[in-house]
Amino acid sequence: MKNPYVPYPVRITEIITETEDRNLKTFKLEFLNPEDEGKFAYMPGQFAELSIAGKGEIPIGIASAPTEKGYLVFTVNKVGLVTSHLHNMKPGEIMGVRGPLGNSYPWDRMEGKNVVIIAGGFAFTTLRSSIVYMLEPRNREKFKDITVVYGARTPGMLLYKDTLAAWEQRDDINMHITVDATNDPTWKYNVGFVPAITEQKAPSAENALALVCGPPIMIKFTQPVLSKLGFTPEQIIMSLENRMKCGIGICGRCNIGTEFVCKDGPVFTLEQLNRLPKEY
Amino acid sequence: MLKYADKIRQEARDLLQSGEVDVFVGFRKGTIPMMNEPILIRDARDAEKLHWDSNCGINLANYLTKRKERMGVVAVGCHSRNIVTHIVENQISRDQVVVVGVPCEGMLDRRRIHELAGRREILEVLEEESGIVIRSHDFEQRHNKQDVLQENCAICIHRNPVIWDRLVGEAVKEQDGIDRYEDIRAVEAMAPDARWSFFQQLIEPCIRCYACRNACPLCYCPTCFVDESRPQWVGKSIDPVDTLTFHFLRAYHCAGRCTDCGACERACPVGIKVRRFTKKLEKDILELYGWEAGLSLDERPPLDRYRPDDPEEFIK
Amino acid sequence: MAAKVVSKDRLNSVLSHWRKNYRVYAPVQKDRFVQFEEWEDRGEPVWEFQNSRLSPKFLMEPQSEILLEFSLDPRTEDSGILKERERVYPLQIVVGIRPCDAKAVELSKRNFVSQEYTDSYWVRRYETTVFVGLGCNRPCPTCFCTSVGCGPFHEEGLDVLMIDLGDRFLFRSLTGKGRDILAEMDGETPSADDEKLALQIREEGERHIVSRVSWDRIPSQDLMTLFDAGFWEDVAFSCINCGTCTFLCPTCWCFDIQDESKGVRGIRMRNWDSCMFPLFTLHGSGHNPRAEKFQRVRQRFMHKLKYYVDKYGDGVACVGCGRCVQFCPVNIDIREVAEKMNNYVRCECKV
């Protein structure tokens, strides 16, 4: 009987500080046992429990794409006991990864559609995974137009800045990077809140699905914009966060109504969420 | 005690109708024998739901903190002392609360009554002038009230409310010649090994449900020390050392503030005599500082203030 | 199906015999209440009791259980790697478990075993347990098992059902496991009178249930309508958010996972947790979706009486044991809440 509580041992190979406030770090992890990588088959949108012996576990969206072989990437915000310890770790140290957990973005539904990605702050992680996955040459033709609106408070708070810049140069993806405000005279992208920029760029709802990920305040103001653009609740895909422990729908704490965010989610359509209590 | 029910309903009705209070906190008759449920009413017409009898041992002062409204509340001696403590500790202001004081001759001990009934099914327990009647399908028992009181009520020396805005009856005679600490002295007399076993046995059934802490009006910290994780002071498992740590420290946090209302013992689902911890602190504070909790609106408890002549022999 | 009759004065020898191959858990008097404990020869188990204070769910889900262990010694090559501790799961028999608590185990199994995941700890304990249930001749006034798909002689979840015939017990096997342990038992074949008496006792026991709860309309109620109902604040006022109801409840299973370490050795363990505790849903950011007491109280009742119903389509997650009714420190009564939920109609009038 497989024990679902045992993490795969991994080694930290690289740590990058992503944001100017130093609260967000990206960790590149390698499996200690190569055969574990084969068992860890995932799709963008899923998450994993990062495990630190003696401290605990945290549920973090997988930022790497399944097309990136040999490693996993997670971007972690420092908020509490486990994340603080993780932020103090060094390359070479051992930790654990349990997963992949949860459901992914609805890739079957997304094929043949225009994909609109709207993200704010550090919720962008699983969307990095999604974009890398879609831009992979074998996959690109499965999707039509890809439009991305991604914003942070300031330029220094954007994640994956180099990757964003590279995407900006491509012509098979429409990037609209924005910041809430900046004094930087060299800033060449947009300035404005994500909902406002979304309204401005007005991606069409025709044959489209929108992946929306961000802080509650951003979600609150983006939903009406999308409605106005013609997106129905079934077309709006969201990824939720909730306090988790087991990550496998057994410990009982992450439920919203009948659904466990860790197992029946974290990806839900807005249509589903409208029928469920807002306990997240 | 039953005679107060009408008066309480009347007071509540008046207070709500006149607008002197926004809400009134009292009891409604419970769904099982010997239990009543605390309720909050806003409408004078709901005053008829209020009930009073000798099963009103839950401390309603527990429900007053963190509220912004003007509240009416029923309070017996010990509970009124907790209201005083709340005011002294700035949890509520004096003008926020209208206390309907109830002189009390003691609350019934549900567990003791179950024992006396031979743990047989009880259909109802009726109160009479002299005592109680336990009724079941196939037996009936009578007991004097003295024999079925909660342990803290049997040794109570503050039966009348110490703070009140309305009083529902004449003051009752306070008990005198009461030795409150006989059981504590017995533990103090034990040798260390025996004392350690005593406490281990006392706490053995504990399931860390925190009913004792949550029923206590003094425990209003936004985050209790057992729930802290940075740093984590106490483990969360049923490890006996962690469990004992929780109970000892909680008792210390209640030192000089506890009124021995017995809410903790009432609440415990596994019948632990939680007061064995808190009463020791009560005895120490009385002997060291001459202090009893909740009797004065003008003085702060001893662990809350410093006086040059505070006893210091325990500082080595 | 096999059946045997054993006189009460010989029951201890039956337990002794079982003890050769199983750990035997029996109801034992602890001060003022009964608990299931590992039975030693020196004590008498009790067979006249209403129910144990804590349910025997701890046999499948101990209150504190070590899941994994690890070394933090940087000199060892497995430092920081979490491993399952080697453990033997001995065969165990629980004798005297009430039918409500046994059905509760079956209800809980849905949580611990799903298509995608199996909680290997719970399952191994479950698979090594034999359930010998004791029918309730005199259910408590607060028992409402018959209203929730259970009953004083209900057989779901049991391997053997014991019926107290006065001076003797009638054991009836219900599963292969049950047949096996009865086969080794030294007892008489039940007579026709024994069977007749057993039936009588059973009928009397069921008649003795006076507490009834209606929940027939709850499955067809709209989830969000019930969720937004106005009565939750009133229901929740008296609640003190302790863990009494959840820890005593045989169908509550929620747990917390924590690491503890001392020096260079450590464990990852799980402990019972409660949706009543404010920390249960607290995010690292400080956001708490159930920050208010009434939200937590609502969660418990909605989960037991609505979410579980909708999710599995097989009744409520309550077996009517009545422990929460008897031991809630403030007398919040699930029977009343169920009636409120069952009768709720959203008021459309404009006030």
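By written order: A, B and C. Residues from 1 in each chain.
Definition applied: contacts are C-beta pairs under 8 Å (C-beta built on N, C-alpha and C of every residue); 3 or more make two chains touch, one makes a residue touch a chain.
This one's a predicted model, so the numbers in the text were calculated from it and none came from an experiment.
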Graph of touching chains, which shape: line, ring, star, complete, other? complete
Give me the ID of the chain with the smallest distance between its Cα centroid and the all-protein Cα centroid. C
Using each chain's Cα centroid, which is most distant from the centroid of subunit B? A
How big is the gap, in whole Å, between where the Cα atoms of subunit B centre and where those of subunit C centre? 31
Distance between subunit A and subunit B based on Cα centroids, please, to the nearest Å. 51
Please compute the C-alpha centroid of subunit A, do the same for subunit C, then give the distance between them in whole Å. 39
Contacts with two or more other chains, residues of subunit C listed in rising order: 256, 258
Please set out, as single numbers or ranges, the residues of subunit A touching at least two other chains. 80
Along subunit A, where are the residues that touch subunit C in the complex? 1-7, 9, 32, 51-58, 79-80, 83, 93-96, 241-243, 245-246, 248-255, 257-258, 263, 275-280
For a test of understanding, state which residues of subunit C touch subunit B in their complex under the given definition. 30-33, 49-50, 53-54, 63-64, 138, 140-142, 234, 237-238, 240-244, 247-248, 256, 258, 260, 269, 271-272, 274, 277, 279, 325-327, 329-333, 335-336
The residues of subunit B that touch subunit A in their complex are 229-230
In their shared complex, at which residues does subunit C touch subunit A? 67-68, 70, 72, 79-84, 111-112, 114, 116-121, 123-124, 223-224, 227, 253-259, 261, 266, 268, 270, 273, 275, 280-285, 289-290, 295, 299, 302-303, 307, 310-311
Under the stated contact criterion, what part of subunit A meets subunit B in this complex? 80-81, 84
